[in-house]
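Across the two complexes that follow, chain A remains constant while its partner is chain B and subsequently chain C.
Now for the complex of A and B:
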């Protein structure tokens, strides 16, 4: 019975996922083509100026840009369903071949930043909440707020100036030195500065949310009773409050995924870090339609999967969600 | 047994904390073994603050609270644990004092574990189900969450949970105000029965004169954080000396 319900739920979510991806692809496809500008510019660059009418027409035909928009979309869809996402106009190769080596870079940076951000946020939030209005809480809050409001592009440049230019401790750009592609130490060295910027610009936002949730929880009557019962402070925080706030933290973590991913865009641009974020911005700039579709669908799929996982986990740890669902149906 | 000596609790308010509000002002009283003391007063007069001060949920700004001659402020960890076991409180909103994400099975077994009342899981189960039976609570309540049962049932569980610890003093902070009238009487009866059977001291906080008269032998009337009059039930109701007390009693007679 329970097993059947779970399979049913999973099937429902998979169908939802495909519907969502389809809608997303339609929206991105047509919106990208509504933007003014010529995609041929990306493909031929300067050479476009020297081409005559008939040559341009032929080029359009070859790249499939002369068809009706709907025909173009279904051609793309047909290819995509077979795993062929088309040609990048800027790089003049298959989209997958451009994207594949970069995914690892972005995911590595994003996931590491994400984990550190939340580990830091949860610890700081708990410490601050436990010492509410103490000097410790005040220091954490003030330093956190200050770091959050430092613009990340500025912080990136300053860090490069201090640690790469003056001290020479870390490289200023790229994901690895030429010829050291497989050297993990070298990659980590390249990742440290971008990571610091990512963490500094994200952790406080979440730490503050979690801190406030915890404080709300501390003010509830059952905490008074727990105290009167004779539980120690630590027992109350661990066994009652954090457990009750956990579903909220999971939801926040799920919502945070797109936020942290979008954070990589700025950082990748500042540090010249080869990744998906940078690629997405460039493809939009150069009308590299197929590339844009690919990057958007990739991030989209990532966000959808993350939120589905979060929802499932949430239902498992919060018994109240299940109860209300039963009533509703 | 429990003694308040010139206890004052004040809060700073206003933008720079310059304004002092006295919630409890120089209150002294003493409850002995097997006594029934009623704290009577309108809402906002500081009754609940007194209850929370006695539970050490709040700290007094001035004065001291002593239990068997020892100031609760200076108690060691183990003394405090003993104090927490012997002095228990019933709150007014039974459905909010239980953790909403814990089943009653867990909530109820927590005190048993903290105070090592049971040596084995079987014994723990036995203690709990014995008490459930005593209070006429069906065992199916175990697998419910606080929001899934009625206020009356929740208050019964709250009282039952306290009784498992065999305390010396119970502080009841308006235990019936949030309940239906029909349930109120049941809970009061239950409380009275439990007190008599176990020789427990009761401090009953309420704004309801009738309820206080039924539950207590001695009454303290509180206004604006100060004790304006205290005496036996008969004295207060038949021969009130203070203006405010007289007004309260008269309002009841009408």
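Now for the complex of A and C:
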């Protein structure tokens, strides 16, 4: 009985996933083509100016850009279903081959930032909630809010100025120095400044949310009973409130995934960090259609899967969500 | 005379609010003997709950004790800080709240919520705590406590949850239990059972209780003595018989006349007109004067003192002064009075 339900649920999610991906691909496909600009510019660059009409026409035909939009879409879809996402107009090679080595960079940066952001957010939120309205809470709130409102592109530039240009402690761009691809220390060195910017621009948003959730929780009746039986504020927050807020934190963490990913876009652009975010920005700029589709679908799939995982974890943590099903049975 | 379990002397509690100081509890004098149940009745907002919560110091930060003292088992805890209070909560006194649906943590098995309290106060092994918790569940009338021990609160009905809350409160054997509207959220049949349970617990554990309610019926059922509160003050206090059969304060008359059993002939319920006064800058004189059809001129100027009626019975109304005109209590209460005379003689 239970197994069948789970299988059914998974099938439902998978179908939903493909529908979502399909809709996303349609929207991005047509939006990109409706935007003004010429993709040939990306392919030929300066050479385009010296080409005559017939040459341009021939190039369009070769790249499949002269078909009706719908025909173009279904051609792309047919290829995509066979694992062929087309040619990048800018890099002149298969998009997968461009994207593959960059995924690791973005994931490395994104996941590290994500983990640090939430570790920091949960700790700070708990400390602030424990000391509600005391000086410690006030300092955390004020400093946190100030950091949150520093624009990340500005902070990036300032950090580069201080730590790369003046002090020379950290490199200012790239993911590794030439020829040091396998050197983890070198990669970490390159990651530190972008990480700081990502963390600074994200942690407070979540810390504040979690702090307020904890305080809301702390005003509930059961806390009064726990207090009345002699527990300390610390014990109540750790043993009762955090546990009850956990599902909310998990949901927040799930929603945060796209937020933090969008953060990598800005940071990668500022630091010239070779990753998906940087690539997405570039491909939109150069009308690199296939590349844009790839990057958008990739992030889309990632967000979808992340929220699915979050929901599953939620159901595991909060017994109330499961019980309704048991009763129905 | 044995030592008082709880003793409030000239006890006042206020809140600092943006609109001014709210005097929630004003000059309350009260004592409770071990094993005694004191009922506290009054309208919403009259300070019943604040009085009890402030004794346990479970108040928000803007509340403070303005004057007077609290003694628990002879120990003056008026100036105790959070740190000093913690070992007392649960051990000396415990509290049960109005809504059993929200006073238990929904994600933690009830057994654990009980053992938590025991482990906090006593150095016992986890097994011993568990054994005691199961004993506690058994005491409050939960069947199959061994299995129920592991269940989360959502497996329980409202009445059973209130039993669990009681088990949590009683786990580390407090001497004094505050029951704040403990049966208000329950339906009457369940209420009856919980009231019986409270009496049973008093019988078995010999603990004193302050039973707060606006349900006069429930109070009559369990209380040995009753205090009537109005606008932060105790206006009448006496044994349950005295309050129910021989009330002296016009406010108590009003409350008792409002009981459905004493409805008027035309089927309409009696009620007390108007609203209680704001406790920011309470009116001078008797706070009840404005709603009191028996009010005297002096009621608006000077606060009535407590007039002693018998050794146990006193009321704060100028009607009891020698110079006051003789006022008879409402007709429907007279019958009760007569009954009371009969009982006494």
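Throughout what follows, the second predicted complex is superposed on the first by the 320 of 329 C-alpha atoms of A that agree within 3 Å, B and C clash if a C-alpha of one lies under 4 Å from a C-alpha of the other, contacts with A are read in each partner's own complex, and residues count from 1 in each chain.
Here, a residue touches a chain if its C-beta (ideal position, glycine included) is under 8 Å from a C-beta of that chain, and two chains touch if they have at least 3 such contacts.
Since the model is a prediction, treat every value here as computed from it, not as a measurement.
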| item | value |
| --- | --- |
| Simultaneous placement of chain C and chain B on chain A, clash or fit | clash |
| Partner chain in contact with A:228 - chain B first, chain C second, else both or neither | both |
| First (chain B), second (chain C), both or neither touched by A:211 | neither |
| Partner chain(s) touched by A:133 [first = chain B, second = chain C, both, neither] | second |
| Contacts of A:90 with chain B and chain C, given as first, second, both or neither | neither |
| Chain B versus chain C as contact partner of A:187, first or second or both or neither | neither |
| Shared chain A contacts, counted only where both chain B and chain C touch the same residue | 220-222, 224-231, 240, 243-244, 318-320, 323 |
| Residue numbers on chain A that touch chain C, as the complex places them | 133, 220-222, 224-232, 235, 239-240, 243-244, 318-320, 323 |
| Residues on chain B engaged by chain A in the complex (per definition of touch) | 52, 55, 57, 81, 84-85, 88-89, 91, 93, 96-102, 110-111, 114-115, 145, 147-148 |
| Touching residues on chain C, where the partner in the complex is chain A | 56, 58, 61, 86-91, 94-95, 97, 99, 102-108, 113, 116-117, 120-121, 152, 154, 165, 168-169, 171-172 |
| Chain B partner contacts - residues on chain A that touch it in the complex | 220-222, 224-231, 240, 243-244, 318-320, 323 |
